[in-house]
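Going by the order they are written in, the chains are A, B, C and D; count residues from 1 in each one.
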Amino acid sequence: MTNSIAEIHSMGPGDTLLAIGTNTTECHPIIGIAMLKAVKRGAKLIVVDPRATTLTQHADVWLRLNPGSDVALLNALAHVILQNGWQATGYITEHTENFAQFKEVARKYSPEEASRITGVPAKNIATAAEIIGKSNNVAIYYTMGITQHTSGVDNVMAVSNIAILTGNIGRFKTGVNPLRGQNNVQGSCDMGALPDVLPGYQKVDNTAVRKKFAKAWGCEIPEKEGLKIPSVLEGIEKDEVKAVYIFGENPLRSDPDINHVTHCLKKVELLIVQDIFLTETAQIADVVLPGVTFAEKDGTFTSTERRVQRVRKAIEPPGQCKPDWLILSELMETMGYPASYAHPQEIFDEMRQLTPAYAGITYERLENESLQWPCPTTDHPGTPILHVGGSMRGQARFVPADYRPPAELPDAAYPLVLTTGRVVAHYHTGTMTRRCWGLRGVAPYEEVEIHPNDAAALGIADGEPISVSSRRGEVQAVAKVTTRVSPGLVFMTFHYSESSGNMLTNSACDPITQTPELKACAVAVRKITDSAPVKPISSIHSI
Amino acid sequence: MNTPYRLNRFVIADPGKCIGCRVCEIACSTVHSREKTPLTAGNMNNPVQSRLYLVRTPQGAVPVQCRHCENAPCAAACPVLAITQKDDVIYVDEDLCIGCKTCMLACPFGALKLVPVFENGLPVEQNLPLLSETAQPENSNGDSDGYKQLHVVIKCDRCLGLEQPACVANCPQQALQVVSPEEHLAARMHEAAVSLAAVVRNYTS
Amino acid sequence: MYAKNFDETVTIDTIIKMTSPIIAIDKELCTGCGRCLEICPVEAIAGKPNTPHEVDTAVCILCGQCVQICSGYDAPDETFPTSRAERLEQRGMLPTVQEPLFAAHYRGDIHRVIEALQTPDMFTIVQCAPAVRVAIGEEFGMPYGALTPGKLSAALHALGFDRVYDTNFAADVTIMEEGAELIKRIQENGTLPMFTSCCPGWVKYLEDQHDDLLEHLSSCKSPQQMAGTLFKTYGAKIDQIDPARIFSVAVMPCTCKKFECERPEMNASGYQDVDLVITTRELAQLIKHAGIDFPALSDEDFDNPLGCYTGAGNIFGTTGGVMEAALRSACEMLTGTPLPDLELEYVRGDEGIRKAAIVHEGVALKVAIVAGLQHIDSVLEQIRSGEADFHFLEVMCCPLGCVSGGGQPKVLLPNQCLEAHIGRKSGLYAHDRSLAVRKSHDNPQVKKLYQDFLGEPLGHEAHHLLHTDHSHNRNLV
Amino acid sequence: MNAFIIGDAELCIGCQACMIACARAHEQLPTAALNERETPFHSRVTVVNVPEVTVPVQCRQCEDAPCARSCPVEGIVQNNSHIEVVKEKCIGCKSCVLACPFGAIKVVEDTIVCSRIFMSASADTPQNRIEKPPFVVEKCDLCADCGTPACIDICPARALQLVDPDAMQQKVENRRKQNANRIRQYRSQLM
């Protein structure tokens, strides 16, 4: 996030929240509460989502687009803003570059043209653009609905284009704000758990950076980028990758095209899985290393707003479970690299020496406060808002892009579009939440949302068992007949091991980030007529 | 795969629509007849034995039948397990019924009925001799030859196996419907939620 | 002779009085649901919801559709002042009848049939309407529309009738007369359009409500009455029987036929032409009562000569059938050339009002067909206002014609009624297709009748025996 | 007058915490045991999440409760301040489900009451008999046995509130006063 969550609490009349590709109330409930309260105080809300959510109920404008048509929609918003002169001319002149090229592209996307691509009425596009153009402050929030597309990078850039076009960056109650999906995914990325960077987003292809780390760690830093997940799987197929070490991840349920992932991870010579439960992935591992839960470890978490917070051990881990840092350092020792840390603080201190954004953050400071990076010095208060007074990189760059359709479109054999997402009760592959009585109770099984028209055509009634299939697999689940989805669209989650949407999803991915297109693929649905006797469970079908 | 438990569906009448024509009773009796399903009245040899009951009161008419209770008191009362849950109905196995009538005591709806058994228009006898003085050939009870006629309890089986219960399919007023408790609940809650949203906005403002 | 085996307890005392109304609603059984009120084509039924309804006999055309639709029955759970045995007796029904008894009912006359069959000196003749042979099987568990003319004849023989003749024969005669009348009206600028007169409910309705249009009605008697007249004249001659000894029974799908046979002018033979009408249902009850296993019977033919019939006569039992039979003959009579195709699909169908134009060898005929009397008034208005451009109008009171008549087997499930009626109708057409002779004027026995007895259609003898003056009748009714 | 709980659709995010709190509040077992014993999960409040609205719905504690009046076995009664189900009497006939206009009463599987009803395919021999789980109806009891309603306590959005008779009376009286003032403002326009 360029900005901070707390700013939402100050939003009201004159402010606008633009939520695109985020089911905030379900997936980030606390931020969702803040958003609804802001709306109640008088802030405007624009929601871009193919599916009806709690957020869409409160929206001033709901742009119900076809999955994967975000670029066309965002370009059309820019088109209308430019047409009416609502852009932030001063900001654009002073702080941006490449505006002319962007204008060229935006010109092609009239609301009518965008309506044809996105399915959103041109009128609604115009209304949304007017709200954005005339608001004092616009804060944009997005999540996987933007990134998990073959056009993921283009989508993010298109979002960013809107922000800089209207000067809604580097100020209070504005910004480009991706809401991260996990408590510490921001921290993991900050720590360099990415194939191309070292901690603090320092590029491995930078010689000076490599030199700095080589000196600190006493070893050579490879200059080649690491592999992204699709390349890892490809490497296994080509016998180039011999071992895979996975921790805190369950790709056998969270990655697209599970059948293919399973095939690869079964094929690889050595599979190590480090997790707190015996996940589906752990079950096929050669070695399972038991980790600890959040309550059993010390360290820091870095939240979606770049806020570094201390986490303290509350209970002792059971059995042979060890914190990740300890397992890793023991492994390093065993493999002949000296790594005798006594406490995560030592690791944190080592890290902040090498990571300028974290340099000013210390355990001592974290004892009484939490800090948002960049925090270069120990007397720096942290940075709640990025890009204040101009972009950190110098000039904010417009990166125009044209609309590209999703990799797989519906056809006669697979006539429906599947989009995936989450429900409030469950987290990710359900490894943890499906072990909780209450969470399991409110969401006991997968419900495939399907529009009444499609359901009627297929002879499917609400609550009936159905089969959903794609070119990659087939799963069975229960039909939820609802107008939450448009005709032609079905929605599933990947929380349920026995009915995972990722059996069906497409592994086609963004060319730059290799983020897979989990938000759109083609599927077919049929009623299950020859089903085994239904196993009665205690919960009544949900409303 | 887990799927939701579905509560037993049942037939219910809309008293506002019922005109009291008794077609439901005829239809019920017809499809449950212990003879080849009679198509015409003249081919109906067994007496009409309906499993739903048109109740006529000064307020109007309405047919009453089994609710297929989840904890069916009739089933719990049956000493020979003749009443069980079959698919999603509470079902009487008439072959097992001993005519003890306990289920009739238990049912709060009056949905069960003890009937003499006929097959192809003839009373079905059982191996239960009548005391010689009371034995009369073909007396009004259908007893004959010194033996008592077989009696069993019957009740609505929601025409299990048919696409639609006969009463529902044949009601000329469409006054009868099969209720799915889940669908009913969902519809009610949906309405309640929508109306609540508006009401509470007024109350809290 | 099965007749000998009838229950001897039946005596003349139990026979229903002729004064009983033909159609009535039993107050004890009527729940006041109002379905009869809805279906009655002439609004002859009145009553408040949930209270017993009543038939206004002055308006009622006796079609019996109320009897068909009624579902208020003698529920075994309820107690009624009248016992079932008493009710059967009151309705003139056999004590062995097992079916439920419904509120709307018709007068039963079966005891008089039994009495006649048991009377040694009686020469019993029976005729059956076309629609009976495609429906009576249903009363014995056969499918809707099961075609059973052979079993029907066999059963009637088994019951002890001396002659088993057929209304179909008279239907062929009707075509000779009615066809000739139509041609005459067209050629001599008579009153057009001409109305069919086979359906007694329709005739009664016209007399009661639209007597200004009676001139349009064909002067032909219905096939039942033509048959009755011929049985007691030509038939008596053939068998050399004193017509006074003949007891003539008609088995009809119709309740109004009971009224028709009792009309005082229907006595051209010198006697009541048809002594008694029973319905299809009553015949089935009689067959059961006599212990005859109907489905097991081997086929027998109707008796010659007055049981000989063509396909044309047979399709009288359904809407459009009279028209089709008439056209098959009239077109040929007018042009001398037979129709190229006998399946006149354009007059078939089940819509309430159908119209068709036929062009054959330079002759153009326009016809209209009404099925279900509730559709008739708009057509009659057209005729009055001179807008009607057709020559010939067929009217049947009941929805699909006689196959759905008030005396037919009562279908238990309302949602199967149409299926039943269509099944019966298909049965009639199937029978027509299977017969060698399919045009009334080709019926050899009809030819012989005219040759030996009647002379010409519309001739003096034919006019005397087979025609009636409806406008005159009206005053007598 | 009975108090009752209402949800506020302007605030509710549909997180279902109220449902979990409700279910938990009505279970006696310790948390760990709930998982281990596969305890059925029943909530007396339902978060309705339909395209138009997201809001919890529960019993309005009607004064002339249609559910109670529809019950053929007197299984639903007025208990002090709320309408209560007498579990032991419930036969699962679903009359109350039909009668309630809010969908606020549900038939759920129960572990306490004994059923003695068998599944027919299995009922022939004693060892093969499969007993049908017993069912009872459940509805909001305002957590009468456990203090303040759990759903209200837990709601992170503060979207649930107890409408108690006094507060409601107060509100109604205030409205009357406001209305009286408004009438005064436009009295000059009256004929």
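To be clear about the criterion, a contact is a pair of C-beta atoms (placed from the backbone, for glycine too) under 8 Å apart; a residue touches a chain by one contact, two chains touch by 3 or more.
Computed from a prediction, not measured in an experiment: that's the story for all the values here.
Colleague: Which pairing of chains accounts for the highest number of C-beta contacts?
Modeller: Greatest count of contact pairs is found between chains B-D.
Colleague: Report the inter-chain centroid distance for chain B and chain C in whole angstrom, where each centroid is the mean of the CA atoms.
Modeller: Taking the average C-alpha coordinate of chain B and of chain C, the gap between them is 40 Å.
Colleague: What's the distance between the Cα centroids of chain C and chain D, rounded to whole Å?
Modeller: It comes to 66 Å between the two C-alpha centres.
Colleague: Let me have the rounded angstrom distance from the C-alpha centre of chain A over to the C-alpha centre of chain D, please.
Modeller: 37
Colleague: How many angstrom lie between the centres of chain A and chain C, each centre taken as the mean Cα position?
Modeller: So the centroids are 81 Å from each other.
Colleague: For chain C, which residues are shared contacts with two or more other chains?
Modeller: Within chain C, no residue touches at least two other chains.
Colleague: Quick check: what residues of chain B touch more than one other chain, meaning two or more?
Modeller: 5, 7, 185-186, 189-190
Colleague: Would you pick out the residues of chain A that each touch at least 2 other chains?
Modeller: Residues 444, 536, 538-540, 543 of chain A touch two or more partner chains.
Colleague: According to the definition of touch, which chains form touching pairs?
Modeller: Chain pairs that touch: A-B, A-D, B-C, B-D.
Colleague: Spell out the part of chain A that touches chain D in their complex, as residue ranges.
Modeller: 25-26, 29-30, 32-33, 36-37, 40, 52, 54, 56-58, 424-425, 435-444, 482-484, 536, 538-540, 543
Colleague: Name, in rising order, each residue of chain D that touches chain A in their complex.
Modeller: Answer in residue numbers: 9-16, 19-20, 23-24, 31, 34-35, 39-43, 46-54, 103, 106-109, 133, 156-157.
Colleague: Where on chain A does chain B make contact in their complex?
Modeller: Contacts found on chain A: 444-445, 462-463, 465, 476-478, 498-499, 534-541, 543.
Colleague: Can you name the residues of chain B that touch chain D in the complex?
Modeller: Spelled out, the residues of chain B in touch with chain D are 5, 7-8, 10, 12, 67, 69-73, 75-76, 81, 83-86, 90-91, 93, 108-109, 179, 181, 184-194, 196-197, 199-201, 203-204.
Colleague: Which part of chain D faces chain B closely enough to touch in the complex?
Modeller: Spelled out, the residues of chain D in touch with chain B are 6-10, 46, 48, 50, 52-55, 57, 72-73, 90-95, 97-98, 100-104, 106-107, 109, 113, 115-121, 123, 129, 132, 134-136, 161, 163, 171.
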